[in-house]
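Please go over the structures that come below.
Here come two complexes built around chain A, the first alongside chain B, the second alongside chain C.
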Partner chain A sequence: MARRLTDEIEAVALGPGATEAAPALGGHGARTVHASDDRQFEDHPGAPAAHVVARLLEEHRPNLVLFSTSYASRDVAGRLQALTGSTLMANASAVLGPDHARGEILGGTKIVEVELRGPDPKLVSVRPKAIAAEPSGGTATVAPVRVDLPDELRRLRVVERHQEEAAGPKLEGAKVVIAGGRGLQDPANFAMLDDLARAIGDAAVGASRAAVDAGWVPYSYQIGQTGKTVKPEVYIGVGISGALQHAVGMKQAKRIIAINKDPDAPIFGLADIGVVGDLFEVVPALTEEIRRRKGS
Partner chain B sequence: MNVIVLAKYVPNPQGVPELGPDHLLVRSGVEGALDPGDEYGLEAGLRIIEAQGGEVVVVSMGPEEAMAAIQRALAMGAHGGILITDDVLRGADALVTARVLAATIRRRPFDLVIASVESTDGYTGTVPMTVAELLGVPSATFARKLDVAEGLVRIERQTEGGYDVLESPLPALVTVTTAVAEPRYPTLKGIMQAKQKPVERLTASDLGLSRDQLASSQGVVDVHDAPPKDRGEALEAGPEAVARIADLLAEARVI
Partner chain C sequence: MLVAALAVSVGVFARRTRLLAALVRMGRPVARTDHVATRVRNEAVIVLAQRKLFQRLAPGLMHAFIFWGFLVLFPTIVHAMGALIDPDFALPVIGGTRWFALVVDVFATLVAVGVGLAFFIRKLVRPKRFEGSHLREADFILLAILGIVATLLLWNADRIALGLNEAPAAWSPVANLLSGLFGRGSEATERALVWAHVLIILGFLTYIPHSKHLHIVTAAINVFFGKTGPRGRLEPLRIDLEAPEEEIRFGAATVSDLTWKEVVDLYSCTECGRCQDACPASFTGKALSPKLLIMDLRDHLFEEGPNVLSARAGGEDHESPPLVPTAVTDEVVWDCVTCGACVRECPVSIEHIDHIVDLRRNLVMAESRFPQEAGALLRNLESSSNPWGQPQAQRAAWADGLEVRVLEPGESAPEYLFWVGCAASFDDRARNGARALVRLLNSAGIDFAILGPRELCTGDPARRMGHEYLFQTLAEQNVETLDGAGVRKIVASCPHCFNTLANEYPDYGGRFEVVHHTELLARLVRDGRLAPPRVDGRSVTYHDPCYLGRHNGIYDEPRSLVPSSVEMPRHGERSFCCGAGGARMWMEERVGRQIADVRVEEAADTGADTLAVACPYCMIMLDDGTKSVGKDLDVKDVAQLMAESLE
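== the complex of A and B ==
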């Protein structure tokens, strides 16, 4: 997105693997990558990275800083605006100029163009897949980042890490994505979606933030603003209302099917086929019908 | 323990939001409520206080109507509330909002600030971290579980492939998801008691912030309707609907 505005782009990569990421960043247009592989960025999320970036901004004085919308980026961007005293626009769908960005509000029904005033650098976090990442060729110079931060920025620390692996095809690559929401009523009912996914074949199961927040499925299932963005051939939303949080992660699917008992659910505004009714009746019948058509 | 819970008054999620001629959301005179996401943080705060003693004070910046959000929090069990209302704060951006909240919190000693991960109307999700930076305290974000013991806050944070356990000394700020605790309903007794609880009202000038610090740096210059999507087919549940879905899957060559 930055490349549409200027060719004077520098990137910042902090934490283990940062230096390794430099060639990819260069290949996408960054001239310089300010990198540090220091573990403290991983062990102490938020404050150390924000302070290092603030110092880089002081030294290099850019007009605009772009962030992804990941959890880690939000921690850094949130702290950074306090340090720079410059304005932060979150979840932009397009950056139109160094102080001009576009976003969506009110469930994606309105498009707003926002002027960013006040001191530089303007801070903008960009929605995942708001624009296709295309390589431009090029190589970046790696500029090692000096890290000498006071201990008080490391008060928060990661003490344990746990993996909860999800089985089946990956959400991002699957041709069909079946997403479940609070309408499923019970975590055990995700098994019904797994069954449908198996009948289809190349299908992965995801979830709304509400279902993830309720602890029904791991975060790796989450589709939406704070989760994954998917663009499958077919998306099937089951018991999902389609709040903006979720909609931004799925509305670019080629075909959208929604099953919900509430006829006023916003997801019906996005759907090519909207079925109003009992998902506990529709989903097993659909699984059955697909198996019948496949002759198995 | 002094716990502060940040609360936002949001337009009724069931209602139809409206934009005024100044491109700002019409907030006053519109039916609204305590952001449902904030009830989880409040519940987590109340449980900590019930176990360890102390007070929960709920802090909100918003129009006069935001008192309804504070009353709801008081009815659930918060001990007191602070409402910051001022015309100059209308349309405040995330940084100005964070400055106001931080200046309000700083007026008294605190151990823990709890906020929801993001509001259900704006989804900006950065204000709490900005508040933490302004207060100079650590921020443990996206907590699905929250415990406080011996001067330490310990959270479980959701990650891409699982979860991390994070620890920080107090004072600290924590943002919570809806998995953190199931909010209680206010009891009739709670609603009656809420009316007697102390609520402090502040304006921007009570906070010692300069005009510059209160000036929002974002202005909406244009609003237009998103291109409408062609109306899809609306079907009633039944064999016909199931057949139509299967047809679409076949058309997309995925079955």
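== the complex of A and C ==
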């Protein structure tokens, strides 16, 4: 995208793996890649990178700096804004010129074009996947970055990195969604739903707000008005009453199956197949039958 | 020397007052000069009679002693200053009278007792409401007050010992008692005491406008300019599209966007923490404390306001840092349920909700910054005209099988229009309340109809979330529909709709007589058109919805429909929110305990088996709460309980 604005594009890559990334950056339009593999950029978030980039900006005086919307990049963008006193636009969906960008507001219902005022360089962070990367076939020269960090920039230190393992397909993309509610009575019983999901295959487990509020599963499981909206081929609601808050997040499923012991539960009003019964009997039986028919 | 001291003190006071006045003038306009009679009455009740303070007995007495004491003791300041020049100086008319001597003696003593009581509360009782307040500043102020009355009493005592008293000593019993300390008396001590008295007063005068004790001047002003109408009405945001772009403001972005009333609010806070005590967000461990909100805005005002003023004086533009997050964090702004408990509790008429909504308006309309999950609410309101994004065509489906007339375009309205609201139209639990109400209205022979698919969300959640533009769009459409059908009387079952229709639609040309269903039902029972309610075999506790009770003062009618209900500790004006107001219904409650859970436990602790509500939001939140805390409480609308007794 930057290439549509100018030919003079330089990239900055900091932290372990930076030099390795240079050819890819060159292949997408960067002429020079300012790179440093210094570990300090990884160990001390934000301040060191902002310090170094600020110096590069002094030296090279670009009109515009683009940032990806990763956490690290956003951190640096904010700090640079404070260091340089220039204008930062966050989450742009397109960059129209050196001082024009486009963004979405009000949850994506309104698109606005923004003029960036103030001194150069303008700072713009671009929202993920807004712009497709187009290969240019070029190559870049690597300019090693001098790393001279005052001690006070190293005060913030990464103590631990933790990545949450996401098992199975994601809720939004799954063909089958199995959602658990308060009827499960205990967080441990979500294992029953995981088991059913494994038996089915392309299935993900979600939850009602009640189950999330109770702390049984993380918020990322929540389906409904204030959680995720799912549109699977089949939705299976287990021990879920189907309150409006939840229903608005799943009613667009092609087929809705409800398992609940309360025949008056509103979810039966939405369901294509309703099973009135004890979920602790129905779910294991269903899992077993699916396994038997699949012959596994 | 007196002249010099007086000049310094008055000079410092005047300089600070000029700044304070300039900051008020910097504030945006807001209309607060109507209803003068009500304002005078508020002044009498809230300020002079200390009504809000007396809601808590010990702190109420403490404050009243000091407050009334100082009102009465004003002439003694003049007396003491006069006595500095001429030891025989006497006040005209009252000077030397027995009754004045008695009044001075008694009230000076009461002030001292008040200070003692204040120290007792602060040092020994140590209520939680003072958490986050400036405690040392308060101690200093109390000591200064004590110093003023102590020197006054001792001065009078010494004068009695010297035989200089103008009225018989018996009329100043406390000073007379103290005069024993001075033996025959000493003229040097008498001079020292009157000097000390005057110097403490003058010192205090310079200190007051620099401290939270400023409230002794501003509280009375703030009360006078407080809201006079229903508390639930928000000030409309007038969006002037003709104005130059950079002057268009959506709510409060920086300090210069506060209204002048909001500035006086900030001057008036004494950090007493009554608001913090009453706030459901504070109570359940969230970031918001209404007291700290006001204190943080105040500190920011004094830091940043002078910069704005000096830049303006120089004809320059000054770019102030944003109020959020410089003074107040995003989290604080979104924690508020707009229940109004803080506003009602505040003895000096600070209107916290206005501050919150102005901050939200800027965040939502100018910056598009709000809790991510609330985006669905705004999108649904825009695309489907209801918060849940349900098809409007299904809006009357709740009434299937009941006798309900849907008003078609072109038809004119019967006596009542039943405003159903989105919750009762689409949520299964809330629908039961609406269905019960219909049965009751039919049984009483009320001629009514609903708008069905033509009824849109009133815009309440959008407005409380700060999206004034979306609210105004919905309001204008609804007013047009209602006017087109010739609607004059509306019965609403949702207090949020009720509040918006009754108190806010008049600002958009909608003038209707709006009643809440509990008011109408109570009237029908009184007129003999409905059987008096029986709640056989149930033990009921009634939960006051914020937007029916505190915001609109309707407490008795719903109670008259649930006879023999047991009260929760927090009820009536002091009811505790269910957690859904202020568009919180459509946001996640991630920090601390769930407000609804706390309320359900309070209800269950009364021993009741039924929790009666009069609001579909409360119904949804509290019913969820019973499941989440595992309490076996039947949550029912008052109308449902009445309809049961029909059968």
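Note that the second predicted complex is superposed on the first by the 161 of 296 C-alpha atoms of A that agree within 3 Å, B and C clash if a C-alpha of one lies under 4 Å from a C-alpha of the other, contacts with A are read in each partner's own complex, and residues count from 1 in each chain.
Please note the rule applied: a contact is a pair of C-beta atoms (placed from the backbone, for glycine too) under 8 Å apart; a residue touches a chain by one contact, two chains touch by 3 or more.
Everything numeric in this text was worked out from a predicted model, so none of it was measured.
In the overlay built on the shared chain, the residue A:L244 is in contact with chain B and with chain C. One of chain B and chain C touches more residues of chain A, and that partner is B. Contacts of A:T226 after superposition on the shared chain: both chain B and chain C are touched.
Once the two complexes are overlaid on the shared chain, A:G215 sits against chain B while remaining clear of chain C. When the shared chain is aligned, chain C comes close enough to touch A:R182, but chain B does not. Of the two partner chains, chain B is the only one touched by A:A271; chain C is not.
When both complexes are overlaid on chain A, the residue A:D262 reaches neither chain B nor chain C. Shared interface residues of chain A (contacting chain B in one complex, chain C in the other): 106, 108-109, 210, 213-214, 219, 225-226, 243-245, 269. Residues of chain C that touch chain A in their complex: 364, 368, 373-379, 382, 387-390, 426-429, 586-590, 594, 620, 624, 627-628. The touching residues of chain B, counted against chain A in their complex, run 17, 19, 23, 93-95, 98, 117-118, 120, 123-130, 132-134, 136, 138-142, 144, 154, 157-169, 172, 177-179, 215-226, 229, 232-239, 241-246, 248-250, 252-255.
Partner chain B is touched in their complex by these residues of chain A: 45-47, 50, 71, 74-75, 77-83, 85-91, 100, 104, 106, 108-118, 125, 152, 155-165, 175-176, 199-203, 210, 212-215, 218-220, 225-226, 233-234, 236, 243-245, 254-257, 259, 263, 268-278, 281-282, 285-286, 289-290, 293-294.
Residue ranges of chain A in contact with chain C, taken from their complex: 105-109, 182, 209-210, 213-214, 219, 225-227, 229, 242-245, 248, 266, 269.
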